[in-house]
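Pasting the structures in now, so scroll down.
Next, two complexes with subunit A in common: one pairs it with subunit B, the other with subunit C.
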Partner chain A sequence: MSVLFEPGPEGFLRRYEGLNARLPGHRTPWVTALREQAAKAFREQGFPTRKIEAWHYTDLNLLARSGFAEALTPVDEDVALPEATAPQRVVFLDGRFRADLAETPDSGIPVRSLGANLSAAEGLLGGVAKLDEVPMAALNTMLFEDGALIDLPAETNGGAIELLSIIQSGERPVAVHPRHVIRLGKGASLVLIERAIGRGDGRYLHNPVVEIVLEEGAHLTHARIQQEGPAGLFLSTVFAKAAAGATYDSFLLHAGAKLSRSEAYVSLDGPKAMAHLNGAQLLSDGQHGDCTTFLDHAAPDCASRQTVKTVLAGKSRGVFQGKIHVHQIAQRTDGYQMNQALLLSDQAEIDSKPQLEIYADDVKCSHGATVGELDEDQLFYLRARGIPAATARSMLIEAFLQEAVDAVEEETARNALATAVAGWWEKVA
Partner chain B sequence: MPAVTETIDAVASVTEGPYKYGFETDIEMEFAPKGLSEDIVRFISAKKNEPEWLLEWRLKAYAMWLKMEEPRWPAVKYPAIDYQDAYYYAAPKNKPGPKSLDEVDPELLKTYAKLGIPLKEQAILAGVEGAGDSPSEGGRLPVAVDAVFDSVSVATTFKHRLEKEGIIFCAISEAVQKHPELVKQYLGSVVPQADNFFAALNSAVFTDGSFVYIPKGVRCPMELSTYFRINAKSTGQFERTLIIADAGSHVSYLEGCTAPMRDENQLHAAVVELVAMDDATIKYSTVQNWYPGDENGKGGIYNFVTKRGACRGDRSKISWTQVETGSAITWKYPSCILQGADSVGEFYSVAITNNYQQADTGTKMFHIGPRTRSTIVSKGISAGHGQNTYRGQVKISPKATGARNFTQCDSLLIGDQCGAHTVPYIESRCMSAKVEHEATTSRIAEDQLFYCRQRGLSQEDAVGLIVNGFCREVLKELPMEFAVEAQKLLQISLEGSVG
Partner chain C sequence: MLKIEGLTAEIDGKQILKGIDLEVPTGEIHAIMGPNGSGKSTLSYVLAGREGYEITGGTATFNGLDLLSMEPEERAAAGVFLAFQYPVELPGVGNANFLRTALNAIRRSKGEPEVDAMQFLKLARARMKELSMPEDMLKRGVNVGFSGGEKKRNEVLQMALLQPGLAILDETDSGLDIDALKIAADGVNAMRGPNFSSLVITHYQRLLNYIVPDRVHVLMNGRIVQSGGPELAKQLEESGYTAVQAA
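On to the complex of A and B.
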């Protein structure tokens, strides 16, 4: 039987106090200083409550009430892995880097364990994260043990990599805080498929944080696929900054977990940088999914595109919050934001808050939002052609999602997402 | 010189143009002592000779207000308000009704003349006996006016004519005396005392405002209008308006407001409650032109207002139209609670912020009844250092089957020092409801300006034309009587902002 540490922020803080002499980097002053700073930020903020505007629609009470335990994965355990979505793959089991499970082709690039190579992450780790504003990132920084470190030199094409995280929740309600640090040098490119899978029906917390630095002209395709277990709590945060001419092309898929919230803080720091923050949420009975993004246009001539689709079945709740902040310097900004929700049940709920905050005058910004059910006319059209009702519904739902997935230009990532989305309705219905 | 630079220069030159309504009337006033306490609440109630239940109601609101905190979530910045440093009651000294215009305090008459109110109506407003019941001259469609000067209603016109139809249109303090049962039934039924900080404050100290009751099946034969003016120094204006449209009735109500130019900030915290029963329609139009402060952002009115309408009956309709050009800070969200089946809510808004003005305005549409529909059209224009926020909520409850909402909010930026923000909240818990929202932000296109100028229009006229076109969807919703004034006002405000 596992030992749970006490629920709430105090439990995590106490755990940090008891563990900090053994956490990776405990002898490295800049790491311990960073952890201390994070602990201070987390102590001050605690878990966000619904009184905070950005958390109005997502209640972390379930997290605050749960006690968690330390992950104890035997190193030699034989793990069944799902089919890889990219030629190169690294695997994290309960948050720990498993070199023995990695698949590296000859053309592969080095992906290191962050925990074992902290000195190589100096200046990168904690460089983009906003600990004082994002308590979950502060919690991660305070307690992270491992993650992936990818530092791609200039003008390198890194191909496609899958970062697979598996959490095996049995009786132990584990809390895992992986930290990934990614830097793409000038003109480098990479396709990153970050996938989170939960095994077992138990409760657990998966709290990954990804820090991304894109130097001039770099190009990152970042597909995030969340397929956590039915009782899992998934709270993830991405911090990305893009220099001049760089592109951050991301897609978020929420398909599992009891409660999931993914936050992305993306800053376009150099002229002509570009961001795609697309996503889809497939939620069925009992699930809560929250996609929250903050996009900073901090340089002129940048562009951003965002399409987020949410499909809700059973008694589920979907949340979309997307803020675009255009700074005064960011003249000639081109921003577009669209979020659409499809309600398949009369118990489902969608809360949507697109937001524009604009301080520059020469801009073209727009957003749109729609909420509704499947179109009766379209269903009728299909059924009149002999297609059974269930199939017709499934076709229409997939078509609705297709538009978002099609926005992903890179093929490997798009295929991985298409596979994850396919057949969702048949499984639910 | 590129057209935009020229526009900005033109804007700068015009912003120095003085606020037309910035004069102050030197008139004998009666004040309550400065500050806010239970005694002041009692004083106001006693001055108004109010029944016990209303005093209790006010005291309850005051007790709640003491426990409440000023909201900090709107995207507006202002120094802390000292609620003890203002007069909560100020009224022109009462004398017996004058027999003719000659006997009226000439200062009061001058005020109305400066505000552009016709002489005939001035006579009525000044309370000349016998005036106000003769039909208006020149076949012009009459407008019944209730004028509120600082804290009290000074006059209501066309009262008798309206009475013939069974319509009650009077100051709310008068309604408390003459129709207590109606006031008691509806006061606070749409905006409860503890609804928010400023509504609680208003409930405790409201001094006057208009009361309208339209009986069953009556279509109000003329536009009803209230004219608000803050005149005295250091006063806050807390008016309360209550409009009840009984089954099958129809009313169109206009509201206008101005204030003198002062370096200090003055608070205006009004509450407006509308109730529409089965098949009733209320159209509420506002042209808000409180003093906006000077070009450096000094002075101006803090306009913190709670406006809400309840569509209680089936097929009822409430339509808000607002043109917001004044005030240093505007903070208001005229809302509709769509309870009745097939009821309709509408919100049309033009908000302009120039110089250092700030506006956080929008609407809330609560869809409760089945097949309820709402339309929101908001046009925000920011110039100078103005900050303009649209904040709107559309909430669909599980029972609102087949509900429908369409929202469009467009922002126009003029100059690179201003800001335009859009914050919609869409919350749907009903599968068969359809919600659509779209928003755009842009500046005046160079090619549009070029097109106009090429045809001989000056920079100023071209911008005026484009801005008028930008706002047209909203302006066309205004009643005739207001549309002309609103367009002029737009031009004046934009003289400062767009050339």
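On to the complex of A and C.
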């Protein structure tokens, strides 16, 4: 196959030069300035390489070697939709908001197309993203075309919304950079199920960036379900900040893609804010999954909980990196971090790097990590009851993951995650 | 019938079973007694098919089937059941799901139709009532947080549900209170019949007052050193194992 598009950062910068006069907001000065700033940051940083400490375990060679173009999907292309996981749903097909495919209750849905409503995102878009530190976010900012804009007024409940992104892939590698911008006003609440699905087995890049602002006492449940196609590259970044008493309750699931890395930059900025950064990675032969989080305790009396479980089959590789930074001001921080890996094969490999930096003196922070295989005694107990070995293995893998999913308190999100993980163990047992 | 001949086995290079000869005819219940570390659990594990033991000699057949060449689940399907001395905890595996999966696996192997969730619940509830087990034990993780006695009762429940042809009970009485002991014994006695045999491993004569064995064997240092009728258990209770050794 010939390379149709220039690979590497230069390729993307070239796309930007060619497209910027047509990208959404090209006549809006603050947007063009933001894109210029992003282009500059991306030009300076390029793609992260393994020389950067935070990228030591994940190699973006696959991304750097391929050339990508924009999707040329017709605006009314037919697409089969999976069953919705929430009563409200918006759909993005190859990155484009498809109002006609949304499932909207009569009362309306608090989601708008970002591309079509940029003026409403002024001050929010680019407000939390760290373009100079996160090149993938700079790339996204430079080239994003669309995404969801959710701006919930104070004291409102947005219900549960599925944000479904479907990317179709084939011969021609496409890159999609969705940008979602979310603000929950004081005391507002929302359940967001962000789901990425791949159709086709071609190479593509899905590079979503989510910016989240939680005002005082707001509560966001954020389930992220990655079910990309087998050759998909999923590089996602969440930037979230929580004001006093706000809760960011998140769960990341990596279930598909050739390579996936999800980064979360979460900052607890006001007293008594709370974050859950839970997750699970289901990695089969040939897959690479990386869950990397940066959590800032920047105010006193905040709590954070993190449990990340990775199951690795065949020749797969998993990464967990969890940095918790407790600022000097963040007295009485209550932090808990646990990461567990279950290795189903000798060829699988897990790298886990917890990192605690504590500058306050009155804190309660615990962390732990386990790496193990299936327990022989447990397997024997099941088999001694007549349960075939493969079923026994599958039951134990399920049990391992079930524990992670069960920790999700919100029911819609928990069910969505349970459905997404269901049956995976049968394929790898 | 269970037939063991000249069975020798080692673990990590250490010989534990040093030539076991034992026959349990169909319809009979035999007891095995013996000091700590004599190899009783090892024998039961070897019969059930646990990995890690090297069988260095001898044979073990059940109704003519060569147990030692079968996978653990095949042995279970053939009717071999081991009530563990130390039942294993399975966090995240619901007890109901576990029991139903086991029951259906056994039924499938016998060519019987599977039971659905409703049928299973009915069955399980009836058995649990007989064993005076609280119903919420179905909802909990298998053996997770169960008391010692509750774990043992859960083993008896599994036996009652799976209806094995050969039940090896490895110290099922240890940890049971007096009432539970009677209930568990009743569970075993209820299974007595022309198609059921059992190997009851115990340290205490008391259990054998409730489950009266056809034969009692003494296992010491990897060998059966003495066999007799139920009176042998009473004798041991009085004189201990040192007397056997001297004899």
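The criterion applied here is as follows: the second predicted complex is superposed on the first by the 421 of 429 C-alpha atoms of A that agree within 3 Å, B and C clash if a C-alpha of one lies under 4 Å from a C-alpha of the other, contacts with A are read in each partner's own complex, and residues count from 1 in each chain.
In this text, contacts are C-beta pairs under 8 Å (C-beta built on N, C-alpha and C of every residue); 3 or more make two chains touch, one makes a residue touch a chain.
Just so you know, these numbers come straight off a predicted model, no measurement behind them.
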item: Subunit C versus subunit B on the shared subunit A, clash or fit after superposition; value: fit
item: Touched subunit A residues, subunit B compared with subunit C; value: B
item: Partner chain(s) touched by A:Arg383 [first = subunit B, second = subunit C, both, neither]; value: second
item: Which of subunit B and subunit C A:Thr391 touches, first, second, both or neither; value: second
item: First, second, both or neither for A:Ala399, with subunit B first and subunit C second; value: second
item: Closest Cα approach, subunit C to subunit B, once both complexes are overlaid on chain A (Å); value: 13
item: Touching both subunit C and subunit B, counted on subunit A across the two superposed complexes; value: none
item: Contacting residues of subunit A [partner subunit C, same complex]; value: 376-378, 380-389, 391-392, 395-396, 398-400, 402-403
item: Subunit C residues touching subunit A - in the complex, by the definition given at the top; value: 48-52, 71-73, 75-77, 81-82, 84, 87-88, 90-93, 97-98, 101-102, 105-106, 109, 141, 158, 162
item: Interface residues, subunit A side, partner subunit B - complex; value: 53, 328, 331, 341, 343-373
item: Subunit A partner contacts - residues on subunit B that touch it in the complex; value: 4, 73, 396, 398, 411, 413-443
